[in-house]
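Alright, structures below, take your time with them.
Shared between the two complexes below is chain A, which has chain B as its partner in the first and chain C in the second.
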Partner chain A sequence: MELLPQALVDGILLGGIYITIAIAFSLTYGVMHVIDFAVGEWIMFGAFTGFYLNKWTGLDPFIFLPVIFVMYFVIGYLVQPIIHRVLSGTKGNPFLMGLVFTFGLAIMFRGLALTVFGYYSNSIPSMFSEGSFNFDNYGISITIPYVRLVGLVYALSITAILHYMLKKTNFGLGVRALAQHKDAAGLMGVNSKRTGSYVYGIYVGISAMTGVLLGCILSIGAQMGNEYTIFAFFVVVLAGMGYLAGVPWAALLLGMVQSIFMIYFNPSHTLLAVFVILYIILLVSPRGLFGKGV
Partner chain B sequence: MKNFTARQGVLAFVVLALVFLPLLSSDTFVLRVVTEAVMWVGLAIAFDVIAGYTGYLNFGHGAFFGLGAYTVGILMMKAELPFAVALPAGGAVAALAALIAGFPTLRLKGAYFAIATWALSRAIQQLALNMDITGGPDGMRLDAFLNPQFFYYLMLGAVGGTFLVLWYLLERAPFGLKLKAIREDEEGAKALGLNPTMLKMQSFILSAIPTGILGGIYAYWITFIDPSSTLGDLVSDQAVVMVVFGGMGTLFGPAIGALLIFAFKTVFWAYLSKFQLLYLIILGALIAVSVVFMPNGLWGTMLKRRNTVRREPEAP
Partner chain C sequence: MNLRRAVLSAVMCITTLFSATQLFAADAKSTFKVGVITELSGDLATGGNITKRGYDLWAQEVNAKGGIDIKGKKYKVELLYADAQSNPAAGAAAAERLITQEHVDFILGPYSSGVTLAVAPVVDKYKIPMITGSAESPLIWKNKFKYTFGTIPPINFTGAQSIKTLMEMKPTPKTIAIIGSNDAFSKATAEAYKTAAEAAKLKVLKFSIVPSGQDMTPLLSAVKSMKPDIIAFGGHDEEHVKFVKALRQIGYTPKGLLMHCGITDKAFTDAVGKDGNQIFGTTCWTGTAKTTSKILWPNAAAYAAASQKAFNNPGDYTQGGCSAAGIAFQVALQKVGATPGMSEDMRTKLVAAIEQVDVQTFYGRVKFATSGEFFHANVGLVPLTIQIQGDKIVTVGPKASQEAAPQYPMKEWKSR
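Now for the complex of A and B:
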């Protein structure tokens, strides 16, 4: 039982990072109405970019976060028009085709990563990797590595920025309008094509940045994408698809589940536990924990 | 009418060639390749029942294949049951898995179903990796039954039977029309008095049973199964590519897609085995490219072209 506080704290710190992925992921779903199966692969690419930038320059990976964001924002901005074209096609079933398209992207990216990076697993060194914050009072002992604290700060700031963007800017208003009703938003002068590109770019950028953090805290590998894709799905389904306010709670829950399984059970059963929870939620309340999804 | 008989002629020729192939060629390599090609045709058309006809994407098709394979493996090796008993059990387990996975998700939008089936296949792979009865990552070995002709005819029979049943149900019986109605407009189908959830469930199970049975035959034929070969992403990914490339919503499209992709895979792995990982990139790129430029697939595009050539263009 003495490990429980540690597990909970770890869970909160990890879940905080998942919030950033899941909010961006949920946002793109709201705007495009298509799930991006390549979410884990964007995270993986970001992590590897951080890894190699660190290796080549010897500078701390956290310095590169803005660079990586800009890089992947541009990539996402350039990829989205293709998805938009698929979605606005008249042949076949556009939504089905959109899903298939992102699924194809995910396969392609995984193959690319395996070809270039191989099967090795690595971790990104950072100046925060060493050292930790220790709390040992009242019979409770908790160790928090600095890198996880940095992760929490990062997650909070990204979430705050996204919140500000969505609620206080005209662009955010357009994004929310698009999520509610695409045609009506278009009639009100929201350019769905351009807004979609920006949102997709922001989402890819945030996913890539978060990948660097996850690479510092956990590990990186060409096949890490699968796991994070499942996590992103889990959070979004748990929160209710398209319901942003539920995302933080679902992400924290996921972090808890993962850290509890890491400490008390076999870590390789985490995915199974995640799936069982997902199944029960879909069975009992398919519109998410709060019943507010679409 | 002339066109119709020509097509019948081609079909009859293909069937005859397939039936007499073991007599024509004694090369076991040829037989082996053709057996696997036939298996992929079966997997692709089974996938198309739920994806193409019903409009619900199952990204975990490989899970049913692997479940069938493992069921046969476990029943034959651990329970020492004969193959004839284990094979139907493989189909039944796949159907049961479809029932369990489909029950909560088929009531919802297609996105949920795609996620859930994909996650299910990952979860089942994890389960197979962590359990003792499956042999974990080392996989399991079955007693070898070295008779290529037997497996060839078994596979051909299973796939041929699947094709006929699906062709009747989807192209001749009202069932296929009902599924297409759901695909085109679920609310409209409801208004016509159909029960979409029930029909989607039936379609999903109809897609899972042949997949499980093919998995079972594969296990006994190859005699070695492990989580990465039968439950890995490659089975699901390839099924998706074959159907999307060949043409969703038809039976001939996926069959043609399966043959082309499988031929490509065989050649690729024979000559470029060093670049196996490149194959994944090509699969992914092929999906993306066919979605963007050929949303109806190869067969759908061909049909459309033929129809537009023959018919007068409609007034706008």
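Now for the complex of A and C:
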């Protein structure tokens, strides 16, 4: 049991990574009711932007986070009307069309990245990447890598900012109204198109910043997006589709399960354990951990 | 009159079309259609594209020399690529398409063992010879596929050498932790290291197979608490980068870190920088290997120079293995006098000729086993232990091939 404190800390840090991947994904689902399969690819594009900015300037990639957010916010803002058009069609099944559209977007982005960035794996160096905080006392040994701690702080900060935005600002009120009932929100003066564009812009901006963080902690490559899309989806389903407040808890639970299973059980069955827990929770509570999903 | 003119025009068109088809057919008969199935996209795109470089370089060099000389006549080669998308099922479908629609003469095989295992039954079914310049899982050869060959020896043939080299270090390592990613090749690599470690009386403190692409930090934290002298990891390029970064982040430097596949490519050291220094690796070829050949490139250095010129990269053992696969076909085709558009009978003769290939190439000796657990794998090479020293990759074992003394124990991460 001497490894338990470290396992718990690793679980929390891993959960922090999952929060960063899933939080904005959940927001955009809540408002636009679209499962954006391109989430991993926005993360990948952000990672490569951070990589090249660091390479060209030699400055720490974390300095560029605001620039990357603004850049990708604009891109997201411009892309959203296309998705909105697909989703607001009257023929066929718009929800299904939205799924297919974002899935196609993801494949196209992946191919584009492979052509533009090449097929090699890379890494983004940062001043936080190398050191760690070590505690070794009272028979307890804990290591917390600085870069993962930064990741957790980033995840919690983004969560707090989004929470504040949704609960304390007029814009947030409009977003919540839109999430609850699009037509009623429209009657109350909420511009659904513009609000949708802002939300999608925020989501793409946050995802791109997350890419930089992941590039510092793990690695980057043109094909990296797929695995993050899967995890973003897991977390959001577990939290309850579109229920933002559930995301941190769902992410921490997944991180914890993975960490403990990897240390105390057979690591090759880690993903199986994650799936089993996900299925059991969904069987008991189909609307996610807190029963508040869409 | 108009009708006559129309009929005349139609006849002329048909005649022209027929002549053009004949011309094309004649042209096709002077060129070998070579199918290449590899991972050009997906998670294994890095390795897949490295294999592509190897196959491309072989084809370029052959065509630059006028083609393959078969009984005094030269036949060029045309590579027809099919993307396996890092997915065994897509690889098998690609093989089927290349064989039934493109009517390829023979196939150069995939990068990964998983895709190779899916493609091998298809080439057996259609009796099309395939030589892969990459896949290293012993499972491929245990299945004894009649039409599949490989120029890179399986990991259970090469892996033991690295453990042997590490056992010669001072102070002698006593413990090891072995981790492998859960795919056919990486798992086999981890198992090969485990077998070799146990045979060398190295105590295995931890042996774990983890799902591919996962963050291994929690597992490495557990490994850290055991303080093994050696950590060995079986994985692919991106996983290697993640693995080194995770060890760096938790601040554990083993005395020796052993990896395989991908670390001999310049891209690995570019990605991990100074943290790549002093990592050990298992291979069977480097650009400085002492080889001599009469076919295409006279030695390893000439091949590395050609690769540098073509791709701005000297190439690693995977790329070299792929070019050597082309050479093996070349030698066998010459032996049986096969020409493009081979019959089934000729392809059977070609397989028999590949089995008899025993040739010195820039890659070293290519000779395929014809029985036993390495059936159709190249057993002509000497396994090497390499180490990244500064910006170079040097051979540190066995002693007969040593280019530099191994650096051991590894320098602490924080003092780099």
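Simple rule for what comes next: the second predicted complex is superposed on the first by the 262 of 294 C-alpha atoms of A that agree within 3 Å, B and C clash if a C-alpha of one lies under 4 Å from a C-alpha of the other, contacts with A are read in each partner's own complex, and residues count from 1 in each chain.
Assume a residue touches a chain if its C-beta (ideal position, glycine included) is under 8 Å from a C-beta of that chain, and two chains touch if they have at least 3 such contacts.
Please read all numbers here as calculations on a predicted model, not as lab measurements.
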Margin query: Output check: A:Leu114 vs chain B and chain C. Expected answer is one of first, second, both, neither. What do you get?
Written below: both
Check: Is A:Gly11 contacted by the first partner chain B, the second partner chain C, both or neither?
Finding: second
Note to self: By the touch definition at the top of the document, which applies to A:Val39: first (chain B), second (chain C), both, or neither?
What the structure shows: neither
Check: After superposition on the shared chain, which partner residues are touched by A:Val86: those of chain B (first), chain C (second), both, or neither?
Finding: first
Margin query: Taking the superposition on A as described, I'd like to know which of chain B and chain C A:Ala24 touches: first, second, both or neither.
Written below: neither
Notebook entry, point to check: Of the two partner chains, chain B (first) and chain C (second), which one does A:Gly221 touch, if any: first, second, both, or neither?
Noted result: second
Item checked: Partner chain in contact with A:Ile202 - chain B first, chain C second, else both or neither -> neither
Notebook entry, point to check: Just chain B (first), just chain C (second), both, or neither: which does A:Val147 touch?
Noted result: second
Next item on the list: Go through the superposed model and pick first if A:Leu271 touches only chain B, second if only chain C, both, or neither.
Entry: both
Checklist line | Doubly contacted chain A residues - partners chain C and chain B | finding: 110-111, 114, 226, 266, 268, 271
Check: chain C touches which residues of chain A in the complex?
Finding: 2-3, 6-7, 10-11, 13-14, 17, 110-111, 114, 119-123, 125, 129-132, 134, 141, 143, 145, 147-148, 217-219, 221-224, 226-227, 258-260, 262-263, 266-268, 270-271
Next item on the list: Could you please specify the touching residues of chain B with respect to chain A in the complex?
Entry: 51, 55, 57, 59, 103-105, 107-112, 114-116, 118-120, 122-123, 126-127, 129-130, 183, 233, 237, 240-241, 244, 248, 275, 277-288, 291-292, 295-296, 300
Item checked: Contact set on chain C toward chain A in their complex -> 41-43, 45-46, 48-49, 86, 182, 208-211, 213-219, 221-222, 224-225, 237-238, 241-242, 245, 248-251, 267, 270-273, 413-414
Notebook entry, point to check: Mind pulling up the chain A residues that touch chain B in the complex?
Noted result: 29, 34-35, 37, 82, 85-86, 89, 91-93, 95-97, 99-101, 103-112, 114-115, 226, 230, 233-234, 237, 241, 266, 268-269, 271-272, 274-275, 278-279, 282-283, 286, 294
